[in-house]
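Just passing along the structure, written as structure tokens.
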């Protein structure tokens, strides 16, 4: 895998949230490297409420990590 | 995405809880940007007990982050 | 929403656990504000073992937050 | 509810784990207070592998709290 | 239950991971004490991808606790 | 099990994320040691959106541990 993560520091909480989204997506990408397969799955899970809630949960967990890494942008 | 998150600090725990709800919703919104699709899903998941419990779980995880960022409003 | 959460501090661990239950319920209430709908869901999820375990999990996550806020009542 | 939780401190990690089990059970009990209903559910979930794994997860989350409260029994 | 957990300290991260597995199994064992029943469940959940992922999640949560107890073996 | 985990320290956040993936896989491997069985499961779960999200969640939890062990690579 190419270099995609060099730091957990971000300038703002929003950028931190967006990094948490990136981390969540990368967890999927490492598990299913085929972009073709991932694209096929998208229409289904992005229209399934539970899948969306589960995705939001992974983002929340990663956001905890990113927020701690940034000392909560205090 | 427009600016929507500039700080994790809130004046009260309740505002912090409401920010945790916002973060949970934004996790869904980034994953499914179409408001039309999200609105269609709402009637179903908001009447499904497990979906509501899962949603409450995401809020709980985000509330951990917000509470820590506010030093638990001590 | 009216004021319902002014502090995460409680006098005892048990009161803290009960606050965690309140937080878990409020996560549901914000997502589904209709008391009528929530009452209809209750008979089903309260007789479903997995739903009860999931509910207990949300309480556990919120209890982590409340316990930290109270320095674990040390 | 009668007094059932006065402290998160335990003498040993094992007692702490058993307290985590108690907390997990109480999360269920507050949600479904009827002992009769809970007893009826037991044969099913205690023979369902996923339910058992979910139960173990709630225990793990509560054990994090109890362990932190005891400074990990260091 | 006999004594099975006297300390969260381990010599290495790998022993800590293995202790996390033990904790995860004990969460199941306390919930379903019958070894006979647990053995019957094994063929099914150990061949179900989601069950395996859920089991790995419980281990991950317990590993957080064990790692913190060992100051991350720094 | 052979030695596979001697330290939680990594040089970069990305290596830490990859270690979190390794930990998540090892949680599965300890639960289902047969490589043959695990390989059979792969085509299914790697094409199931929810399974991929669940896998990403386990990685996120383990990444919290690895990030803390590395003081968030600050």
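A, B, C, D, E and F label the chains in the order they appear, each numbered from 1.
FYI, a residue touches a chain if its C-beta (ideal position, glycine included) is under 8 Å from a C-beta of that chain, and two chains touch if they have at least 3 such contacts.
What you are looking at is a predicted structure, and each value in this text was computed from that prediction instead of being measured.
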Quickly list, by label, the chains bordering both chain B and chain D.
C
Spell out the chains that contact chain A while also contacting chain F.
none
Centre-of-Cα separation between chain E and chain C, whole angstrom:
27
Centroid distance [mean C-alpha coordinates] between chain D and chain C, Å:
15
Per-residue overlap in chain F, given as positions that touch at least 2 other chains:
48, 50, 54-55, 57, 61, 64, 68
Report the topology of the inter-chain touch graph, choosing from line, ring, star, complete and other.
ring
Under a traversal of the ring that begins at chain A and continues to chain F, how are the chains ordered?
A, F, E, D, C, B
Inside the complex, what are the residues of chain E that reach chain F?
12-14, 17-18, 21, 46-50, 52-57, 59-61, 63-64, 67-68, 72-74
Chain D contacts chain C in the complex at 1, 3-9, 23-28, 30-32, 37-38, 40-42, 44-45, 48, 50-51, 54-55, 57-58, 61-62, 64-65, 68-69
